[in-house]
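Questions regarding the structure given below will be posed in turn.
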Amino acid sequence: MTDPTFATRPDPARAAERDRDLKLLLAVLLALLGVTMTAIYALALNAGAAPRLADLALARVPQTGVDNPVTAVLLNYRAYDTLMELAVLLAALLGIWSLGPAPAGFQRSGPVLAGMVSWVVPLLIVAGGYMLWVGGYAPGGAFQAGALLGAAGVIVRLAGDPQAGLPGEAAQRWLLVLGVLVFTLVGLGLMLFGAGFLTYPPKLAKWLILLIESAATLAIGVALAAAYVGGRPTATSPLDPRPSAQPK
Amino acid sequence: MPEPAMTAPLVLCIVLPLLGALFATALPGRAVAVGIVTALVTAAAAVALTLAVWEQGTLHLVLGGWEPALAIALRADGIATALVLMANLVALGISVYASGYFQDAIRIRSFWPLWLLLWAALNGLFLAGDLFNLYVMLELLGISAAALGALTGNREAIAANLRYLLVGLLGSITYLLGVAFLYTAHGSLDIGILAAAIAANEQLFAVDAAAMTLMISGLALKAALFPLHFWLPPAHANAPAPVSAALSALVVKAAFYLILRLWLDVFAPVTGMAAAMLLALLGSAAVLWGSWRALRAARLKLLAAYSTVAQIGYLFLFLPLLVATPEGPARDNLLAALLLMAVTHGFAKAGFFLAAGLVQTNAGHDRIDELGGTAQRLPATTFAIALAGSALIGLPPSGSFIGKWLLMQQAIATGQWWWVVVILAGTALAAAYVFRVLSRAFGLEPTPLRFITDPRAEVPALVLALVSVAVLGLASGPLWTLLGLSGADA
Amino acid sequence: MSWDAIDSLLPVAIVLSSLLPGVFIFLVDEENHLLRTVLNLLGAVLKLALVGLLIWGVWLGQPIETRIDIAPGLTLVLSADALSVLFVTLSSVLWLITTVYAIGYLEHSPNRSRFFGFFSLCVSATVGIALAGNLITFVIFYELLTLATYPLVAHRGTPEATRGANIYLAYTLSGGLLLLVGAVWLRTLIGPVDFTVGGVLSGLPASMHGQLVAIFALLLAGLGVKAALVPLHGWLPQSMVAPAPVSSLLHAVAVVKAGAFGIVRVVYDVYGVELAYQLGLLGALGLLASFTIVYGSVMALAQDGLKARLAYSTVSQVSYIALGASLLGPVATIGGMVHLVHQGIMKITLFFCAGNYAETLGVHKVSQMDGVGRRMPLTTLAFTVGALGMIGIPPIAGFVSKWYLGLGGVTSGQYWVLLVLAASTLLNAGYFLPILYRAWFRPAPAEWPKEHHFGTRFETMGALLWPPVVTAVLCLLAGLLASAPFSPLEWAQLIAEREYGL
Amino acid sequence: MTAQLLYGGAGLMLFVLGIWSFLVHEPLLRKVIALNITGAGVFHVLIAVAYRGDAAPPDPVPHALVLTGIVVAVSATALALILGARLQDSDDDA
């Protein structure tokens, strides 16, 4: 099979030489590609449709229920993208789970680290909550908040809890789907009431977006932490009879 | 603003499998039941969508109630609907098959949520009207497909699907750069708006051509166009049978659909004979090389996977003919033939892989040279392979026979007769690799007493194969109507 | 029921009358002998009844046609004219007889549901070919016939069977591809190619004649494979590994006739005999056919295997039909057409008998046939009728064919045809008469190679005995009553009159 | 304009370098990092497009696209790494 990226080459001496030639060729081609693309990019910037969507997007922000234009794009104009992106995260995590049980955790941390963890983690959670709220009018939002929660999980696992502070498997599963579920149900509910899928009435928009973002924050945080754990929650695995770690 | 009731199937086709995936995740003990119910309602939504498009023509829905430029649009025209209908019926068959295929609880829990996510991604991809949304859909598709492909858990499967994932990522990032170029030049992500802008701004030809090159190269990697096909055979051959069926029949087709969509809608003013010839030449190489490798394959599923490489190649042969044929009945016929081949391959390849999976489960392996006894013990399965195989060859009365007929007709009519030679060689090779398998089914084993031994697995395989042969070949007229094409005597 | 209601349904009903039973037979449990037999015979009898209706309708000059649009611009047309009736009737009658024969022949053998399922599909494809009203329909059923026959050739499951089947497939599928290209090419030139008396190409400008010759070469190559025209005949002797009913019906009637019938269709109803003559196509076809006639006979002389000898004889005899088509003038047409039927009933008789010798006595070779006439008199009598008919002894059917072919050669001024016929007749006698001599006049051996006693008062099982006897009687009747109404000859004259507008 | 071109051009260079690294280097981790660099290059291009001078607020749409893109990239990276880890496990077992 011809496989430019993964081939293993038998005869080392000659192969190395051919390898070098190929690399040189590739480098030249890629350099040409880079230069050409930059030139074309310059052309596009110059001749392109200058305001693009910016003016329109900014002009409609007051009707979106949020003040931060990026959040307006993410959760209102292009909410559907965001919904699907949550699904991507879910798919990745389910993929990770399908590959086997979680590997063993780390050694339980010493008192200094444990002490630090015990005040960093609550801080991260509070910071996450702040991020979530501030996303309405300034940079921030569900992803930033979720990332902070996920980081808290990473720290907890590093400190020795193999489950990264996550609840049992059943609860984890519900928390994981929470973001997409709330998002979808809100969208469908709006459709049912005649507004159209993911079409928020301006009056309700703010609260619906907050609801979706809160659910999404939890789901993202759990998904990131669980991804870091790197496998199925171990309690369900018959191969690995370790008891599941309880949240502290 | 369109009636929500009219456009509801558009949303439901995407949202129903998504919801199903969520419940299958949250309620792992009931994953199979959730999966089957979801499969049924999603397929019903796809049928409803088809009926709606049949009656009213293209459906278009701007989500969020904003100006089309600002928001994401869903759209179902004839091409999208034909593929959605095919994909959903095939996916229903795969679901029924899968409900009996997986035995071990962990596999069941892993399969269903990922499978329903993949399904949602497929429908989302076919129905998307926004280039960036398509990027997200491509990633959802790629990630769930790679995860499903690795489900057998053996080393080859993991290695192949890791490679598949990485190559797919490279493809979608390349695609995304093209999207970024288009946004820079034209300030929009909506397919319709972009198409108009590209047609109106001839001075941006260089940018548009570069964007097209990037996007189509990225997608060609995902569609496994020769010589970018290297990742496909190991990934498809090592996945569990229902997943192989979905990957080969549907996922690759989705990438091709996007290429076609870009080619026909977005970049229509930019495309030219040179680009079409290049793609068709690669397609020819795919037809010949894929068929040849299929003929030489030692394993049944590997054979099927290489056959996919070849079959995708045929679809690219249509491009230079589309360029050379002026608007009119002849071009309509060509476009419909293209869709017919894609749809037929979807049904046939799914049926083939499902049947191959049964053979593998029964024999404990899928080495073609040692399959004789198993093939004889399972007449219905062998029959499904035979039917699907005739559709892969393009024998009458399969849909691909009609497709190849119209393809050759237009190749002769436009003077591009050399594609006929490629088609003939590919067809002869396909016959050789299909009958290489079928000839093992005649041996001196004891006679099987029954035609069907395992209905839940054999009936879906048979039905899918039968659709590719009998239904699509003998009644393909409705496809023209669905596509809104007149066709008729060319 | 009025003709209007029937005429559009009849052709498709004739195809379905064997297709649907075939599909159901696959689903029948292997041990359910009764249900399978009922389905088989029901289909065969029903088809025969429908064909009777068809004959009546065509005789009355009713337009009988089914049109199904499979795609815009591509229409499946099943229609009946005099020519198709000839072939449909032949296939349907012989299907019924062969089904009876096959039920007896395959008793207690494995995989019967599979066998009879594909057997029915074969007949469906054959009548589809006969009733095809345009070129694409013909191509579709032609390919279907290839597919449905493959499992029958491979049926026995021995390595030789698989090998023979694969050779068969390689030849016929390659031929099918060439036919397909020719059909598509023609379609791009003139649109839908409906079979029309007098041809459809005469209006084309002379500048296209080069393309027409090339297309004819493609079509002929595709059809010539099934018609076993030398050098495309290599599959036929190899396919003799198939069970006797398959050899009888398919390799004496359905498959080879499908090729010959296709050549007739292309010459008369696509190109038109005048245009084909002007383009020099008839001359080439005639040469090819003549060479095949002589070559097949010479090869038959050298075969010791009975079925192999019959197979080469088929190679030779089927080309009489092509020869008839290649000669300008209605008389030769009559000769070719009537041979379509006559060769079928004579050759199937011979194959049935060969099967009987093999099943009853284990005799597979000519050299083992000493004295079989005394052990199996009725079978050998039937064999004798068939063999003498093949040689062209009056009053058996084969004489009529050769007479009209020779006369056709004379009326068209092609005297060399007589030479070919004379040579062929001599060779026919050369390979059939020794068999008859052995069978009747040599003493029987003390022990047959592998004798079976079926516990009947006849020489062999009834289901095996009566089919060849019936077809042998048909051979005699076709010759004796050649000028009776509805005889093959009368019908061939009807065809010739319509083709030449007499 | 110049700032945009510099920033975006740098993104294009990252894109090209990422592809180079992806094609040339064998180890999985390097490939995954290479892909992330490629992705980052594309995100740079989008961010550069969003810039509308110091006076006007930037275009929020590309920003949102980049945020979405990052999450997608993170997800894919996570799955790729775990697949790689499982591959290594099975190599160790063998």
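In order of appearance the chains are A, B, C and D, and numbering begins at 1 in each one.
The rule we apply is simple: contacts are C-beta pairs under 8 Å (C-beta built on N, C-alpha and C of every residue); 3 or more make two chains touch, one makes a residue touch a chain.
Model, not experiment: these values are computed from the prediction.
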* With contacts defined as at the top, give the pair, A-B or A-D, that has more of them. => A-B
* Distance from the mean Cα position of chain B to that of chain A, given in whole angstrom -> 28
* Starting from the mean Cα coordinates of chain A and chain D, work out the distance between those two points in Å. => 14
* Asked: Which integer distance in Å separates the CA centroid of chain B from that of chain C?
  -> 42
* Taking each chain's centre as its mean C-alpha position, how far apart are chain A and chain C in Å? -> 70
* To do: Mind pulling the residue numbers of chain B that touch at least two other chains?
  => 132, 136, 139, 143, 146-147, 150, 158, 177, 181, 183-184
* **Where chain D touches two or more other chains at once, by residue number** => 15, 19, 22, 31, 45, 49, 61, 65, 68, 72, 75-76, 79, 83, 86
* **Residues of chain A touching at least two other chains** => 4-6, 37, 41, 45, 51-53, 57, 77-78, 81, 85, 88, 91-92, 95, 99-100
* Asked: Considering every pair of chains, which are in touch?
  -> A-B, A-D, B-C, B-D
* Structure fact -> The chain B residues in contact with chain A across the complex are 1, 4, 8, 11, 15, 18-19, 21-23, 25-26, 28, 61, 63-67, 69-72, 106-107, 110-111, 113-114, 117, 120-121, 124, 132-133, 136-137, 139-140, 143-144, 146-148, 150-151, 153, 158, 163, 167, 177, 181, 183-188, 197, 201, 203-204, 206-207, 210, 227, 230, 233
* To do: Going by the contact rule at the top, pick out the chain D residues touching chain B in the complex.
  => 15, 19, 22, 28, 31-32, 35, 38-39, 41-42, 45-46, 49, 61-62, 65, 68-69, 72, 75-76, 79-80, 83-84, 86-87, 90-91, 94
* Which residues of chain B touch chain C in the complex? -> 329, 332-333, 336, 340, 379, 383, 390, 395-397, 401-402, 405-406, 408-409, 412-413, 420, 424, 427-428, 431, 435, 438-439, 442-452, 473-477, 479-480, 485-490
* Which residues of chain C touch chain B in the complex? -> 26-31, 68-74, 76, 110-114, 136, 139-141, 143-144, 147, 150-151, 154-158, 161-162, 165-166, 169, 173-174, 177, 180-181, 184-185, 187-188, 191-192
* Structure fact -> In the complex, the residues of chain D that touch chain A are 1, 4-5, 8-9, 12-13, 15-16, 19-20, 22-24, 26, 31, 45, 49-50, 52, 56-61, 63-65, 67-68, 70-72, 74-76, 78-79, 82-83, 85-86
